[in-house]
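Encoded as structure tokens, here's the structure I'll be asking about.
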Amino acid sequence: MRDLTDDDRSGALLRRVFNSEYGFLVVVLTLLVVGLSLAATNFLTPSNAVAILHQSSLVLIVAVGMTFLLITAEVDISVGANLAFASCVVMDVINQTNSVALGALAGIAFGAGVGLINAFVTLVLKVNSLIGTIAMMMALQGGVYLYTREAVQNHHQIEIFPKIATGFILGIPVPVVFAAVVALAGWFYLARTRGGRLVFASGANEAAVRLSGYSPARVKFGAFVMTGALVGLAAVILASLLNAGQPTAGTGFELTVIAAVLLGGTSLMGGRGTILGTVLAVLILKIIDNGIIMLRWNQDLQIIVPGLVLILALYMDQKKRGPAHG
Amino acid sequence: MGKSDVATAGAADFHDLAPALAVTGLSKSFPGVKALDDVSLSVRPGEVLALLGENGAGKSTLIKVLAGIHKADSGQIEIDGVPQDFTNPADALDAGIKVVFQEIALIPEFSVAENMFLEDHLAGKANLVNWREIHRRAQEIFDRAGFALNTRAKVKDLSVSEQQLVEISRAMARDARIVIMDEPTSSLTPAEVTHLFGVINRLRKLGIAIVYVSHKLEEIFEIADTCVVLRDGRWVSTKPTSEHTPASLVKDMVGREITSLFPHSDRTVGREIVQVEDLSSKRLDDISFHVRAGEVVGFFGLMGAGRTEVAKAIVGFDPITKGRIRIDGEDLKPHSTVRSKALGIGLLSEDRKTEGLMLDGSVTRNMTLAALDQFTRNGLMDHRAETKQAEGFVDRFAIKLARLGQPIRNLSGGNQQKVLLSRWLMFGLKAVVLDEPTRGIDVGAKAEIFALIDELAAQGLAVILMTSEMPELLGLSDRIYVLSEGRMTGEFTRENATQEEILDAAIR
Amino acid sequence: MKSTHVLSAVAIAAALSGTTALAQDGEGLRIGYIVNYATHEWYQNVILGMEQRAEQLGHTVEVIDANLDMARQVAAAEDFMAREMDVIIMTPVNEEGVVPILRRARADGVPIVLEGNPAPGMQTVVAICDYDTGYLAGVAAGEALGADAEGIRVMNVGLPLLSATILRSRGFMDGLQTVIPSAEMVHDLDGGGNPDRSQEVSAAALAADSDIDVIYGINDSSALGALQAWRAAGLPEDDLMVVGTGAEGLAFLNEMQTEGPYQLEAAMFPEKIGFTAIDTAVALFNGEEVPEYVISPTTALTLGEVSSYYSYDGESREIQWDAVNALEAPEQCMMYASDL
Amino acid sequence: MPLSANPALPQNMLSRTLRKVAGQSEIALFVSLVLIVIVFSSLSEYFLTTRNLTNVLGQASIILLIATGVAVALIGGEVDISVGSLVAAVALPLVEIMNATGSLSLGILGALVLGLMIGAINGYLSAYLRINSLIVTLGMLFLIRGGVYLWTNKRAQADTAYLDSFFAIGNGKAFGIMPIPAIIAGVIVLMVMFIMHKTRFGRRIYAAGGSAEVARMVGYDVRRIKFICFLISSTLATIAGILLASRLGAAVHTSGQGYEFQAIAAVVLGGVSLAGGRGNILGAALGVLILAYLSNGLGMINAPTEWQLVITGIVIVAAVSLDSYKKSKE
């Protein structure tokens, strides 16, 4: 930053950290970890770290897709309902075929299919994606009970199946490996590839992208389908974790995911956002969740604190960018 | 309004009157910039004062101070000799100053009449909107001014020039003593400009003082009594228009002499690059034309004639119902921008903000958007090559910026336009469509854009220029097509084109 | 435009004439059931029991789902009254929130049977005893662990949102402590009553302290969610005992059959509740003397006992009416919500 | 040319008056409502009875009030999704004060104070600190619900004052026919319609939502206008919360969940734009009634919940895509 004035350069370290892209998130994360380690002796243990990472990975997998979507200035509210439905599909197909691979594939295909319909409703029928995916959420919540009246039980008893959620690869929990791969791929795509550039551009100025000879609809289509497919992947893990396909799962999941993505600095207006920010934000929210249980605080705080954090994060962001961007 | 007595007294010779508005020693600083530095001017009832200067000269800051949007650091504003202290736009309005901004400040969803009484909605004590009175008063003003407007039409359904009439009517509805017009003709057709001047003359007769801000010199000479020139936030000169020549005005504005505004180099015209046959769409009817390599072809037409529609149709942005478009012999099928770009034609939109710029994106990202493939190796971006290429264009076009990473929102209009042109040049086109490329750009930058257009044609590009500015059209084009209500109504060569015949075709 | 007027005219005329509802054909009773949350398998089995019983007696049951929305529940009661049902059964979304509608139904002369929780101003409620259910399971768990077991540590995956589920948790601990007085509750969690949330909070709690001997879940989903968290943490299952509540659907049957740590089920027989509710509704309509509290029996089941109450083929279950109807219900519950 | 748009051709009286209060889309909504009534009347003998038709008005009154507030906020260019939690929150001071003092007015006052406080927080954060209102109110949605749980310890707070007046506002019927909540909601909606169309302030809300820049240039205090929009939306949600509490005879901590989505869906169905500045209260009200009668009718014919959810979703998508199709044709 060549155009910084002397005043800024000598400014307080804290302010500079806060003004950097992830400074705020890193500071919050550090404070949380340090604070909780001091307050709860069991916080900084391997088993708790695994527990936190486990919980984070489900949210993170979907949040990566949601980050893409929000950057293109679209949103998907149906991810929670999709997650529940897809988890039932996963278990049902494994029961029918005795193949974990086919079940996983079916779940991902189902999730992607929902994403496809969302894309169609948004891009072809031109329904605002907020409304369109709320409607999709309702349709899925109803539809899942037309599909199964009750939780789909594990009738196959395939040994490897529970390991998807509870196993370890090189000492790392399997879902964490999935989430890390998804996040890394997402980060790499956004930061380093031509396609990633178009994701940002499509959210920043759709007409300009079209006039520059690209199809923003295709970019958005990809983001919807990818988000759906990632929900399907999360559903495979969820089905394994609960050892059942649960039509009642996923309530409020969409809000957690969106809150995390926004906290991570992705703009609701499109054109801005990072995967790293999303990763940090998911960790922050899940550590808060975990910390409240660790400290044996009233669990009602689990819905209050994220609300506060979200508003605070946006306020900091607003201050940083200045009123010109109001 | 009861101004007619003033009108007969004042219109004859405003020189005898006391200034309606007097500004003395106005200064205003923003962080890092001194936008206004000790500026003074005065305007009398019935006088049209032209305020000139390049972008960044301080015109808009001055207007915003007069409109009560900004507060001056020092200096004084007097209206009829009474010192004013504006803390918000309402104060300025109450004092009798009405600014007609370039970006029209109307509520699109509201009716014409409601827009004229936005400030108070003619509400009485109970704060109730008096709809009947609003429409009655609006109609009364239209009758007096001779405007053919329907008070119940929604503003969003009006043309730009009609919207401007609404803005002016609004000033009349407020009994404004001083009307400031910020580039009022930037989106008007010549016929509409003539109409506007009629309106200004009527206002002048009503004893209203007018501050007229424009870049277009020929307009200044037609309408203004006095010229005030600003440069770099400082006052440069105040003279009666009669004592100016176009050259002397430009010199005052730019601080140097500009020899030729419209360069036209000798160039060889090659094969036909753009061939359009029987093009029809929602707003276009059977349009056929061709453009050769090395040729600048101008398209002229009044507002709504279909220039932008043609531009958007031939690059595949807007759908067509019929017709054949070929670029260098290849059909534009499927009809999409993806295909048109592959064939080598691109459009520079008239609307920079909504169809060109990614406002929060960096200069580099804006510039390289079309040419991403050139910096892609196996799907990965080569950031170093990208930056290097962008630096080259910044140097070549003398784009003024702090650094490549800065958001493009902070660049001036002229520099933004250069970045957007670079976007296509970096990609490398056979044909380029420029829709109003100099809209909202100051004189100095305009000359640079004109030179660039000439250079492109000299390099063998087919250039299609959509413009509503007659001097630009005549100065740059090798051939001219004229559109009227979506039909082609005339074709001229550079040699046989006259302003009269073109206008005649445009209203056919 | 024309068609608009015609349509609206027809509609308005029809609306104003206000057709009066057709009279009853006099076959059986028309019973309306407003369910709390029809998509939950517990309530599906309640409805199943109602339908089976109603069919036996020659009555019809119609169901409206409040879907956890109190306002919708009130609306559903209004709808049933507009449809002139003979008697209404209702599972309150929240027992405090039905007082006005009970008052209006009484004014309208429509008898209402509550299911689940009592409410002020009600005529009668059909319910299991939540505290007793937990208590019986606690005693059974204690006996299974052995009275001389020391330092038994319990994780309760509860739902403090509802008084019924608070009673179950409390009953379980009290029952357990009658056998093993030293048993203590280490984690008292809010699992939201659903499996994913239960899994999540249990995972965090187990990370804090995994020295647990017994997991108690206020319903099957809570118990199963906690068990999955246990497995995800890679903890040994040999010395763990999981106790679920409800016998809601297939999930507990499935898990128990693996003969793993899920050893005990506090069965509440939803089908039987539906059965009892219909009997009570008919009695109420016929003006018979109906006690304020009609209790539906519950019991704690081990794997060996389950099959005598439910036949299970892996796909669906069938309640064994003879065995369930033979269970004796207490005259009174040991503790009510009002005692909390 | 729009300039030549004709001042209404001579048509019959009814259509002219209709046109005066309603635009094209409101007429379309009204026709859909009538169609729904006709369809369900043929499917259920109990649907087309005065009792049922008026019942639904009473049932819809709560969402109607919330939706009206949400519509005002949307027209003002902001969104308020904290209303669902607010409905549960305001019932607490209402019931507790009533129980303590035996006074309905004091209870209502308490509810209004809390509602306005929440509205003021929403408004301050959104309008003055310029944080995106979707996020602010999403945060508040969590925050308020959590606060209600903490305050009540997750127990419903029963009304133990048993005031007849309190019972009547949610459960009574005027002349034995029209539910009082429907009358209350109807009167308030009419008032809001009047404010939005006939008062200077109402027009300023439209201006601020449609073109904040222009409104600022004209000299409106846009921040204040938006702030007040939040106050209006939370006040209407507060009244909805009071009616709901009366219908339930208690402050139920779980009540109101998802109402924000129901309200937004209805309002958008009614033609209010998510982008601000467009739409009107009449359309929003019709949107609410359409969904209410649809839901009632589906219940009457014993359609299971899952189908109700699916059908409602489809209706919303169909309505909105039809609307955007119409706009693209313009």
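The first chain written gets the first letter, and so on, giving A, B, C and D; residue counts start at 1 in each chain.
Throughout what follows, a contact is a pair of C-beta atoms (placed from the backbone, for glycine too) under 8 Å apart; a residue touches a chain by one contact, two chains touch by 3 or more.
Quantities reported herein were computed from a predicted structural model and do not represent experimental measurements.
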| Number of steps on the shortest touching-chain route linking subunit B and subunit C | 2
| request: Starting from the mean Cα coordinates of subunit A and subunit B, work out the distance between those two points in Å. | output: 44
| field | subunit C and subunit D: spacing of chain centres that average the CA atoms, whole Å | value | 34
| request: Check each residue of subunit A and list the ones that touch at least two other chains. | output: 145
| said: Using the touch definition from the top, which residues of subunit C touch two or more other chains? | reply: 39
| task | Select the category (line, ring, star, complete, other) that matches the graph of chains linked by touching. | result | other
| For subunit D, which residues count as touching subunit B in their complex? | 2-5, 7, 197-203, 206-207, 210-211, 213-219, 277-278
| subunit D to subunit A touching residues, read off their complex | 125, 129-132, 134-136, 138-143, 145-147, 149-150, 154, 261, 264-265, 268, 274, 304-310, 312-314, 316-317, 320-321, 324-325, 328
| message | List the residues on subunit A that touch subunit B in their complex, please. | response | 2-3, 192-198, 200-201, 204-205, 207-215, 271-272, 325
| field | Partner subunit C, residues of subunit A touching it in the complex | value | 40, 42-43, 45, 47-48, 50-52, 54-55, 145, 149-151, 153-155, 157, 162, 165-166, 168, 173, 238, 241-244, 246-251, 289-290, 293-294, 299
| query | Which bits of subunit B are touching subunit A when the two form their complex? | reply | 315, 317, 336-338, 340-342, 346-347, 349, 354-361, 365, 369-370, 372-373, 375-376, 379-381, 402-403, 423, 427
